[in-house]
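So, here's a batch of structures to check.
Two complexes, one shared chain (subunit A), two partners (subunit B, subunit C).
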Partner chain A sequence: MKLFKYIWRNATRNKLRSSLTILSVAFSLALMTVLYGYLAMQNVWSNEAKTHNRIVVLNKQGFSGKVPIAYVDRVRRMPGIKAAVPYSWFGGTYKDEQAPFAQFGTDAKEVFNVWNEYVIAPEQLAAWQANRQGCVVDSRFAEQRGWKIGEKIPLKGTYYQFDLQLEMVGVFKAPQPTGSLWFHWDYLEEGLKSKNALLSAGNAGAVYAKVERADAIAGLCQSIDDKFASSDNPTRTQTEAAFAQMFTDMVGNIQAYIRNIGLAVMFSLTLVAANAMAMSMRERTTEVAVLKAIGFSRGRVLNLVLGESCLIAAIGGLIGLAIGGGFLQVIHKSAPQYFPFSIGDMAGGWMLWIVGVAVGIGLVSGLVPAVRAAQLSVVNGLRRVV
Partner chain B sequence: MSATDARDGEPIVQIRDLYKEFHRDDFTIPVLMGINVDLRAGEFMALMGPSGSGKTTLLNLIAGLDRPTSGTLRVIGQDLGNTSEGALARWRSQHIGFIFQLYNLIPVLTAYENVELPLTLTRLGKRERREHVAAALEVVGLSDRGDHYPRQLSGGQEQRVAIARAIATDPTLLVADEPTGDLDAKSAAEILDLLQRLNEEFAKTIVMVTHDPHAAARAKRLLHLEKGVLVDDQPNGQAVKGAGR
Partner chain C sequence: MIPIKYNVRNLRVRWMTTLMTVLGTALVVWASVLAFGLTDGLNHALDVTGDKLDLIVMRKGSQDEGSSGIEQQVARQVVTLPGIARDAHGQPMCSVEFVTILTQPRRANGGTVNLIVRGMEQAGRALRPGFKLVEGRDIKPGVNEAITSKQMAARFENLDLGDKIDINKVDFTVVGYFEAEGSAAESEVWTDLRDLTNARRTPGAVSVVNLRVADEASKQAIIERLQTDQQFGLKAIGEQAYYDEQKTASIAIRIVGYFIAGFLTVGAMFGAANTMYAAVAGRAREIGTLRAIGFRRRSILFSFLLESVLLCLLGGVLGCLATMPLNGLSTGTANWATFSEITFSFRFGPAVLLQGLTLALVMGLIGGLFPALRAIRLNTATALRAQ
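And now, the complex of A and B:
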């Protein structure tokens, strides 16, 4: 610690070079922060889902298959099931928007028994149940869009070739932002029948069910799949957490690509930082020789140089973490349906890992210049000037 | 160990049949050949000779910066020919003070911090280090320049800070390589006054390499090297206190 001031002064000696090195580390690690933040969000999401004892029944073929609507009642009647609802994605676009938000056709009478942690005013729930074209919206999402009760919400079909004319009759409060809109599954079904989309009619995208006890989940999943195994539409039932994880797994390869690209960037960055450090030390050959002359050991010189390179990289890492974290927070604020957790909810060991990567870059980039400085012959180093 | 601790009469530098060779590609270049010198505590010795005569090489060997090819080299009780690099670094930090021609202060550290640098290698606490630095800067007359960076000092002042750095740990032996070589006449005279004072008032043993006869005139003993051979070693009868350039 006696030499920290000297290390700090060395790190800030050439401000332009140090700033550029710090920024290059910062931007690369900001990218990594966003990637690992996304993975952390998936984990938090998955862990959160585990606490609600929900299961999801899909067609065995996944999203390409359908779950007959009759399955909802059959699941509902099974011992250990508290409630079950159909859950069908519509994917319509609102007014002139290009991208759809989350819209699901479901059962207005049961859905708040399945998502019983969500809160809705009784009169609004009753209004929804009584209105065939009514819908309820996540309160944060409604507020973000400036929608009020009575708001007309036209949705233009993209996947389905018909439109929905919805009216917002209520809002629900969820623990985390969902960005979702719920409407009557029956209304979707009418549309399908009117367009003679008979292959899609009579089906749900999935069935969500609430289970009474956590320890019954595994057995129930198996029982449901066994029940429909011999039907035309066999099922694959899993926990909501596993279902959330499935989305992560679906982009698993992309994650691997991003990870590998990230590693390549880190490697290149380490070389760049090493070059900057080597240049810096080359300019200080005589200074290192003087240090060794007055008694600095090899180890101490090595630590001085490594301390400097690690300090520069750690500063870059912290800035990168702040930039990446800020970016994730902006995504959370602007698109909570895709990123429902704030950076504070996701804080954890992965952030230390990012800082660790930064220090690692500092260590590796400083190693060669540090070893060369430590092994410098005092006589050769001083020969330049004496 | 300070110069005053050295046992009277026993040389603090003993050089016997010292040879030093450098190797460049396939060539062997003899630099020092059969040097024999004793240096006693409290001496002020000037090493003179033309360029390439081996003065700086001999100085580096005495200071423990290099190792002899053959021969015996004992300095302050340490056989420098058979000492590991780590032990040599420790030994230098305790016993040797360095003064360079171009001062070689650390540009990012203040005068105070430069003087403190060798003290960071000791076990002294912060308060004791501060006392040592203050005393060293007082000796060189720069107590009021502690917070100045080297670029804010004149050449003469920089060299005085370098001398303060050299004496901060109270070493037994000061080695100076052309300490006035980069200074104007007035500053050079001030530096030589200071070295002379360190030798006479503080009993520091000094070995100084110089080309300058005026600088050499301040030493008590003159050694003359030519082509790696010691050709003359005699007391400097003309050593003059406060002699100018």
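And now, the complex of A and C:
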């Protein structure tokens, strides 16, 4: 600790150089904070999904396969299932918009038993259950769009040959933004039958079910799939977390890509920092010789140099973490449906890891100059004119 | 004008510092060019897919082929429209197709993702750019066979020659691999129209009609006719426009790429500045001498900027070269327009490499500017006295 003051003085001697190194480390580690923050978010997300004991029944062939509506009742009757609803992606376009947002046809009586952590005012729920063309919307999404209770929401069918004329009768509050709209599955079904679109009728799309106990999930998934295995529409049942993972998987090996970039950044930074440290030490050759002449041991000289390089890199790392964290928070505020967690929710070991990386960069980058300084011959050092 | 040799020699004398800076820059340029090459590859796959004279006919309101559905009789009517191009045998270049999505496991635990299976007629092959079989043979209709591309076989389980794909409990045997100039068709599995609709238990179902028109004039006529004629009531859009709209996935990757490149470049800029400041500080006496023998401030500024740019460009070139082994490497991601896999190859073309070198140039210019300014502000007399 006695050395710290000396290290600090050394680090602040060439303020320009140290600042540049710190900024270089800070900017690159800010990038790493954002990238690893993204990975951390996915982790938090799937852990979130695990706590609610929900399972998803899909056609074995994937989204485009049919899940007959009768399956909902059959799943619902199975022991260990608390509630089950159809959950059919409508994918309609709103007014002149090109890209559809999330709209699902479901069962108004049961859906809030499956998503029991979502909150809706009882009178709004009653209003929805009573109104065949009614729909409920994620409160944050409704606010973002400026929709009020009573808003007419026409949705033009893309996949289904039927247009929905919906009226918003309530909003529900979800822990994380979902950007979803729920309407009556029956309304869509009747519409399809009236249009004689029998091929797409009778399809629940997917069945979402709430399981009573977490330890029953694996067994239930298996027995649901066994039940329908020999039917025309075999199913694949998985946990909500595994289902969400499918979308992550679709993007491809993003994780590997992020890690590779992280590695390149680390190498690059080590070189930059090592360069700066080597330049500093070259200018101080005489000084190091003097230190050794007055009795500083090799180890101490080594520590002095390593201490300085670590200090500089750690400061850069902390600043980088702050910039990166701020950036994540901005993304969270501006696009909550893609980035539903604030930086506070995601805080964890990975942040320490970023700082650890910074210190590691400091250590490695200081190593060569430090060993050189420690091994410097006193006589030569004193003789050398810089 | 100070000769460039002066700068080259300086870089060589301080070779350790130069090497470290060059390597640092090279890594940054490498990572950025990688991101740019990814976007370029994806865009290329979607670009070559679209032919100016090709139309995709689907149901009004449909956004993509998978969500479209046309009645069979209506689809057969489309084939008879005037203005459709003819092939060498006088047959209309028009293909009635059924598109569906299957969930299949990727190799090496890459997760289970969607892939497009397309049931089509023989005529559809001529509508894809440069379609040719490269291994095995083409399918025979009626016996449940399928063909796909080598990239797909490399990415998915069950797509080797002789493997069977299960579609609603009907086994389709993979009998061949095709190429189509790296277009989006190479991300699909093809089989016979009737075999596929029968397996899906939707006999007679049609998703889209793909056709080639004879010329621009008949293109407009056909689009008009399909849109307004009550008999059809369909939507026809140019293939190019259709695939342009699917570039959303690549836009996201591009934004991420620019973001990464931006942060890294700024970080590396500080590193370059550090090196140049040291170079200026260590050469005070030289700068003084140059001033004393009559070099103007302007040429000294230029000389130091040049040195900095040279330093970073070396790194840039090295970084670009380091991406070369990855050129053509096949990869894949989700096409969010169809929710299914699209395969493509990294492409480091001239435009992409130029972007990488531009990054290096910017690093050198901005990183070298302040040190160079410091160099010309030195007082000649004091500088000459420096050690």
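In this section, the second predicted complex is superposed on the first by the 315 of 386 C-alpha atoms of A that agree within 3 Å, B and C clash if a C-alpha of one lies under 4 Å from a C-alpha of the other, contacts with A are read in each partner's own complex, and residues count from 1 in each chain.
One rule holds for everything that comes next: a contact is a pair of C-beta atoms (placed from the backbone, for glycine too) under 8 Å apart; a residue touches a chain by one contact, two chains touch by 3 or more.
A quick note: this is a predicted structure, and the numbers were derived from the prediction, not measured.
**Q** After lining up the shared chain so the two structures overlap, which partner does A:A30 touch, if you call subunit B first and subunit C second: first, second, both or neither?
**A** Second partner only, subunit C.
**Q** Going by the contact rule set out at the top, does A:L271 touch subunit B (first), subunit C (second), both, or neither?
**A** In the superposition, A:L271 contacts subunit C only.
**Q** On subunit A, which partner touches more residues: subunit B or subunit C?
**A** Comparing touch counts on subunit A for subunit B and subunit C gives C.
**Q** Which partner does A:S64 contact after superposing on A: first (subunit B), second (subunit C), both, neither?
**A** A:S64 contacts subunit C only, not subunit B.
**Q** Output check: A:R298 vs subunit B and subunit C. Expected answer is one of first, second, both, neither. What do you get?
**A** After superposition on chain A, A:R298 lies in contact with subunit B alone.
**Q** In the overlay, answer first, second, both or neither for which of subunit B and subunit C A:K2 touches.
**A** first
**Q** So, does A:A347 touch the first partner subunit B, the second partner subunit C, both, or neither?
**A** neither
**Q** Can A:M246 be said to touch subunit B (first), subunit C (second), both, or neither?
**A** second
**Q** Share the list of subunit A residues that count as touching for subunit B in one structure and for subunit C in the other.
**A** 385-386
**Q** Subunit A touches which residues of subunit B in the complex?
**A** The touching residues are 56, 60, 63, 65-66, 85-86, 89-90, 92-94, 98, 100-102, 104, 106-109, 113, 117-118, 120-121, 165, 177-178.
**Q** For the complex, which residues does subunit A have touching subunit B?
**A** Interface residues on subunit A, with respect to subunit B: 2-3, 5-6, 9-10, 13, 286-287, 290-298, 300, 378-379, 382, 385-386.
**Q** Any idea which subunit C residues touch subunit A in the complex?
**A** So the residues of subunit C touching subunit A come out as 16-17, 20-21, 23-25, 27-28, 30-31, 34, 59, 61-63, 66-67, 69, 100-103, 106, 110-114, 167-169, 201-202, 205, 259-260, 263-264, 266-271, 273-275, 277-278, 331-334, 339, 341, 387.
**Q** Using the touch rule from the top, collect the residues of subunit A that touch subunit C in their complex.
**A** 16-17, 20-21, 23-28, 30-31, 34-35, 60-65, 91, 93, 98, 100, 156-159, 161, 199-200, 232, 234, 236, 245-253, 260-261, 264-265, 267-269, 271-272, 274-276, 278-279, 385-386
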